[in-house]
Amino acid sequence: EFAKLDHHRLIRQGFAEVVFCQGKTVEQVQAIVQRLAEYNHSILATRASKEMYTAVKAVVADAEYHELARLITVERQKPPVDSERFILVMSAGTSDIPVAEEAAVTAEIMGNEVRRVYDVGVAGIHRLLDQRQLIEQANVLIVVAGMEGALASVVGGMAAKPVIAVPTSIGYGASFGGLAALLSMLNSCAAGIAVVNIDNGFGAGRLASIINQMR
Amino acid sequence: EFAKLDHHRLIRQGFAEVVFCQGKTVEQVQAIVQRLAEYNHSILATRASKEMYTAVKAVVADAEYHELARLITVERQKPPVDSERFILVMSAGTSDIPVAEEAAVTAEIMGNEVRRVYDVGVAGIHRLLDQRQLIEQANVLIVVAGMEGALASVVGGMAAKPVIAVPTSIGYGASFGGLAALLSMLNSCAAGIAVVNIDNGFGAGRLASIINQMR
Amino acid sequence: EFAKLDHHRLIRQGFAEVVFCQGKTVEQVQAIVQRLAEYNHSILATRASKEMYTAVKAVVADAEYHELARLITVERQKPPVDSERFILVMSAGTSDIPVAEEAAVTAEIMGNEVRRVYDVGVAGIHRLLDQRQLIEQANVLIVVAGMEGALASVVGGMAAKPVIAVPTSIGYGASFGGLAALLSMLNSCAAGIAVVNIDNGFGAGRLASIINQMR
Amino acid sequence: EFAKLDHHRLIRQGFAEVVFCQGKTVEQVQAIVQRLAEYNHSILATRASKEMYTAVKAVVADAEYHELARLITVERQKPPVDSERFILVMSAGTSDIPVAEEAAVTAEIMGNEVRRVYDVGVAGIHRLLDQRQLIEQANVLIVVAGMEGALASVVGGMAAKPVIAVPTSIGYGASFGGLAALLSMLNSCAAGIAVVNIDNGFGAGRLASIINQMR
Amino acid sequence: EFAKLDHHRLIRQGFAEVVFCQGKTVEQVQAIVQRLAEYNHSILATRASKEMYTAVKAVVADAEYHELARLITVERQKPPVDSERFILVMSAGTSDIPVAEEAAVTAEIMGNEVRRVYDVGVAGIHRLLDQRQLIEQANVLIVVAGMEGALASVVGGMAAKPVIAVPTSIGYGASFGGLAALLSMLNSCAAGIAVVNIDNGFGAGRLASIINQMR
Amino acid sequence: EFAKLDHHRLIRQGFAEVVFCQGKTVEQVQAIVQRLAEYNHSILATRASKEMYTAVKAVVADAEYHELARLITVERQKPPVDSERFILVMSAGTSDIPVAEEAAVTAEIMGNEVRRVYDVGVAGIHRLLDQRQLIEQANVLIVVAGMEGALASVVGGMAAKPVIAVPTSIGYGASFGGLAALLSMLNSCAAGIAVVNIDNGFGAGRLASIINQMR
Amino acid sequence: EFAKLDHHRLIRQGFAEVVFCQGKTVEQVQAIVQRLAEYNHSILATRASKEMYTAVKAVVADAEYHELARLITVERQKPPVDSERFILVMSAGTSDIPVAEEAAVTAEIMGNEVRRVYDVGVAGIHRLLDQRQLIEQANVLIVVAGMEGALASVVGGMAAKPVIAVPTSIGYGASFGGLAALLSMLNSCAAGIAVVNIDNGFGAGRLASIINQMR
Amino acid sequence: EFAKLDHHRLIRQGFAEVVFCQGKTVEQVQAIVQRLAEYNHSILATRASKEMYTAVKAVVADAEYHELARLITVERQKPPVDSERFILVMSAGTSDIPVAEEAAVTAEIMGNEVRRVYDVGVAGIHRLLDQRQLIEQANVLIVVAGMEGALASVVGGMAAKPVIAVPTSIGYGASFGGLAALLSMLNSCAAGIAVVNIDNGFGAGRLASIINQMR
């Protein structure tokens, strides 16, 4: 038995165990999703290759694939969504979109209204200032940025909302695989920014969902 | 003019600019707090030495000092507090208490009910399991831990609450000033943990406050 | 002569020299295993590719390949095994299984009873607590975990057994190829955990075997 | 209540909770040791300053201080010691003695026979070879070394004993506070070496004790 | 002879050799400045302690000390200054002022008009936008920032001026002595930012001076 | 809408937004360049693969590809060039030429006269000294070097010109992907060197252009 | 002109410029070797692929390829060799042979007698002690080792010969691409070991040759 | 017995064991030097504080202290010196002199003629070129440099002599305690440079002595 599924997680955490596909064989991913599909309405598998999706699709017919975000989802019963309280996912550049989409789709399958504003990096600050109203209306903000990750600080200073910062590995040289953006976000002069791992769109989406559904 | 106070911050962020005392002269800290005190009910200065406090006290008579947490506070009008929705601050060891207190006092001055559970590190997991009920009642969790920072992952798996993880620099050798705990928390297998900078109790308290006051 | 085989090692260390295949040519691995097979009952070659195995098989007909663990083994005469004293190999996730298997097979070929418990990461702590009895019965514990490696600390706090922690390179971003799990395990608040190199299932299996066979 | 003592630890782990004094105030250390002294025969506090010892001594009269090792011990009832099975603590240089002593005293207070061989670094390999007999008689080996930590590999190749390697921060420049010795030991070509944190004599002593007392 | 003064530097570089006082004895600094004072109108010594200044003052009566910036200057003949072409030195926080002053005083003694705008960090972006006109009038911009150093990116996007970014060691934890700000600035999404070493106000001032005096 | 083009940038910065192709799909690059081509005379896309170029060429017929430098350019109207004021691009080795060319072509398309001197590394210092006259005539210097990057310091000491240093990832082992050259350039004893990111020829060309066009 | 050959190097350094092939195109390598072959008897090109060799061979018919060492050599006139004074190249493992061969062939083409002793790592110290006589007879020692690189320290302590230590990238996990071996060698407790870059067999061979030819 | 003196070292290595004082108590240093003084003519103790010297002086009356270099020496019988073959010690800056002196005094006490040329850093390359003749006459070169350490590469390219490069911790910010200079020297484009640890003047002096005394 290679996997001890945490079936209790739906009760404890409000969502089934999410499958981390990296480092697993195609057969393992297929078997795990199949087993999860017996007990859950909604399933999420992250960092999934297309090949994994094909194998899953063969046994779970209603599985879907989000190519850019590398996610497999099964969604049999849409959770009720409060469309007034939305999560705003912002990205600094176009290259950060795959991670931003991982966050957005994660939040959606967990029952949240999500809006997207991409390519609003700080080198053209007016693009960001144009979104001021949307930022003020949002309930939770996810900021996805690579390179120097400065977008998180600027957004963090604009409103007293929970800001979840996701550093990405976009960049080269002294970006050291996203380290520059990560350190930048951890040291933000805007107080109270929540940071997740480099490229961890999933974690950001999950955290945003938890916060967004607080009452 | 060495400081451009951001007086607009109270309106934009719900709390006056917080003074970061490190790297400032005693005179600068004194002058900044004095100026802030003209416009604000509540003031917070972090990483303040006792000497700085003495200088501040001379010009702002109702300033208080939290020695362990190295905070100067001024609180002229208690904000209304919803005592049902509390923030739970947990620490793995006794040595992490200064950072935990920075978080707790920050959240308190920003108008939150705060409870504390200290010294519940994972090496004696029953101590943590004993607190299960309190964890379930809390609205937001702050987990403060040095060394390997494993407490965050275990707490993160116990309930679907926002968990804010604060790595501390407690440790030695390959802890590299808190790096071990930081990396540990960023890579947590418990999904959706929010991480702040090493020893950044203030940031955790601020973030918890924002989340706790969402409606 | 490209290799000076340490034929004395069987006497000195109780097991023949183990071949580290990485960085060697297929021909070198083939020749070394062939020579070892002339003098030893049991042979182990680690980090072996399938291609290397095929070449070895051609000259040592009873060689076997453990694909997941990337091990080549030859075992001509089973060593006597004390089945009462077993080594328990635990993994945090399914993705850590290849390293866990490297440890398990290594310990087995060196004459130990091995039991396996996989996928009991701390994010669902009840899965681990369910194994309490097995943990108490084991003689030596091997804990294999990637990401933040917190499993080692929790297991380390549960019983006064030798715990050998193996960090894996499973993870991404700020896991930095297993550095996060490594540092986490080195800084464990559970006293007396033995740490080996990242992904070094072999070393863990070897150390566990030495300890398990002490009288 | 700043400390939740893990009084259950004596039963679970065979020794009372060990106090990590770093980062604690003198008052906290004093209070913790005093409380532990009510329930336990043997107490150990690590990384204790002389000032902490003086405060402890005032309330626990039979406390002792090991200055080099920075340990406070209380030992009211010597545990029975099997003097046949001894732990051998070796150090590469004279400068590594404080860490070696932390290991040795820890193992002693936990009821083990300990022998010491100091200053046998590999640059004069004959000094080490002279100790061959002692190494073969020992039950568990602790190797304490700074700089490049090569001693662990040489000892590890000499006998099939559990070798616990303790890197120290002795060195300068590219030793990076013990990182060189740590990496060296983790990458040892001698299979099955157990590594603990830099300067963690305590952890090595504890691990050696657990292994040494296996039957 | 412990110092080979580069007396040719005034001709080759337009300014005498600048003394780097760190790591020198008080006597060495005194002797070097004294010798330089025989041949040059303007002298600059960086990272000078007060004690060094006192020793220099004893032999070069017109030496001055800039305490915050830790600079010793001698200025016997003001160079002609083009007050139309000014260098604007900006700092993100009050704590960055010592480095900013090192840059400003360096540029002044080399014959440039300098203006200062301090404490305009991005967490209160309006403070920066208020300075838009000054930024447009400046000839060269020096941006001094610690923590996450985001100010450089925002300023870099505002005008097509040479922007010299100086990361400072202000911060704590994962700022790693200024590394976070340094990496942030090197990875800026605003194209064409010039970066100098952490805390290197002197280098920034020198570079700004060279650019500002181009015709 | 995956990209918010910063059309205002031509006015604000004197050149259209430059496309960073890494991390974008071929379709995204194609669409972005096509849209930019509607409003701008000169376009630059960096880190572009040949496949991206082919897709762009299909929709923007006059696009050109610089294979070594991995640049796509469109240049419909040559900007006026002051051939007296030239930028000198120097490389330490032949292997550094791709990055040097990225800098050179960037500066050219932005309207600058560029001269190239390649393969003048410091191990044969006479090759560099032979170029003294050219160095003195240049207006701005770009120094591209991998390995230990020493060329920047030597050139920096030769003339009071703005020197822009570009570390490259050429090297192996302890070059750590260009880190050695980067640190070397940041710590240069030649005062006032401007450093850009590893392999960032584009940034260097852009900065040189801004400086070269100052009046 | 992409390469400024340093034809003066033969006179200044006693050997023609050595071509570093990494990062160069096949055409560049071909052209450089061809040009060097017009002026020199002996030519060396390092880190050359087989494809580069084929291209070189087409224009320099007597070029030879050392596949393991990845070297191209041309040797038209054997330099006189003093066979009494030999360089001993030792490797810790079989996997280190490619780097060891790079060193050995480099030293040979520069006119030295070279002897090889491979696979004498410290985990079986008797293999090394068996070579004591050869070590004493050698004039210069090159020690090539990956993993923890301990061989250098042991050899360094055995005789008062110049020892050149070459760390290799052989290893995995916390070897960090050879960093562990590099730091180990730099921190060797055996005084006076010369260290070169990771995998830099060429540099070691060159240095050994210079020392070996001193009179 | 805290120290096992390697009295055999004089025979094996040509010089008595050198005492590394860092991390030892004053009493230990005193006792070790005293014991060495019974058997040896020449003694060297490195990284010695003034306090250690005073203690040593009390028991070994002819001990001398080199304050800058932090060395204690005893020299009872000058070894014969070949003044034709000298070692040239060069430093880049005045601040590097303490390390340079450690190298120089070490080489002298081991029986070598030593000459010194200090403060010839590459930022004023003519200072270095002025020393060309001396460089050509020297038998072995030691180059001591902090900051970016470029001096080693330039000297390495000037003559076919053994060059021993000593990085120093002089610098700040991104020098990271000498790491920048160390990496720079390891990656030198001048082939065949020998590198020792940061600030390891002793190792450089020892290595130079061994090479210088080869025949």
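So that you can tell them apart, the chains are marked A, B, C, D, E, F, G and H in the order they are listed, and the count of residues begins at 1 in each.
Keep this in mind: a residue touches a chain if its C-beta (ideal position, glycine included) is under 8 Å from a C-beta of that chain, and two chains touch if they have at least 3 such contacts.
In this text the structure is predicted, and so the values were computed from the model without any measurement.
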item	value
More contacts between chains, D-H or F-H	F-H
Remotest chain, subunit C as reference, centres from CA atoms	E
Whole-Å gap separating subunit C and subunit G, where each centre is the average of the chain's CA atoms	35
Centre-to-centre distance between subunit H and subunit G (centres being mean Cα positions), rounded to whole Å	26
CA centroid of subunit A to CA centroid of subunit E, Å	42
Residues within subunit G bordering two or more other chains	12, 93, 123-124, 157-158, 173-175, 179, 182, 186-187, 191, 197-198
Chain-to-chain touches, reported pairwise for every pair that qualifies	A-B, A-C, A-E, A-F, B-C, B-D, B-E, C-D, C-G, D-G, D-H, E-F, E-H, F-G, F-H, G-H
Interfacial residue positions of subunit A with respect to subunit B in the complex	12-15, 18, 139, 157-162, 164, 182, 186-187, 191-198, 202-204, 206-207, 209-211, 214-215
Residue numbers on subunit E that touch subunit A, as the complex places them	92-93, 121-125, 147-150, 153-154, 156-158, 171, 173-176, 179-181, 183-191
Contacting residues of subunit E [partner subunit H, same complex]	1-4, 6, 8-9, 12, 17, 20, 22-24, 28, 32, 47, 167, 169, 177-179, 182, 197-200
Of subunit D, residues touching subunit H in the complex	93-98, 118-120, 123-124, 126-127, 146, 170, 172-175
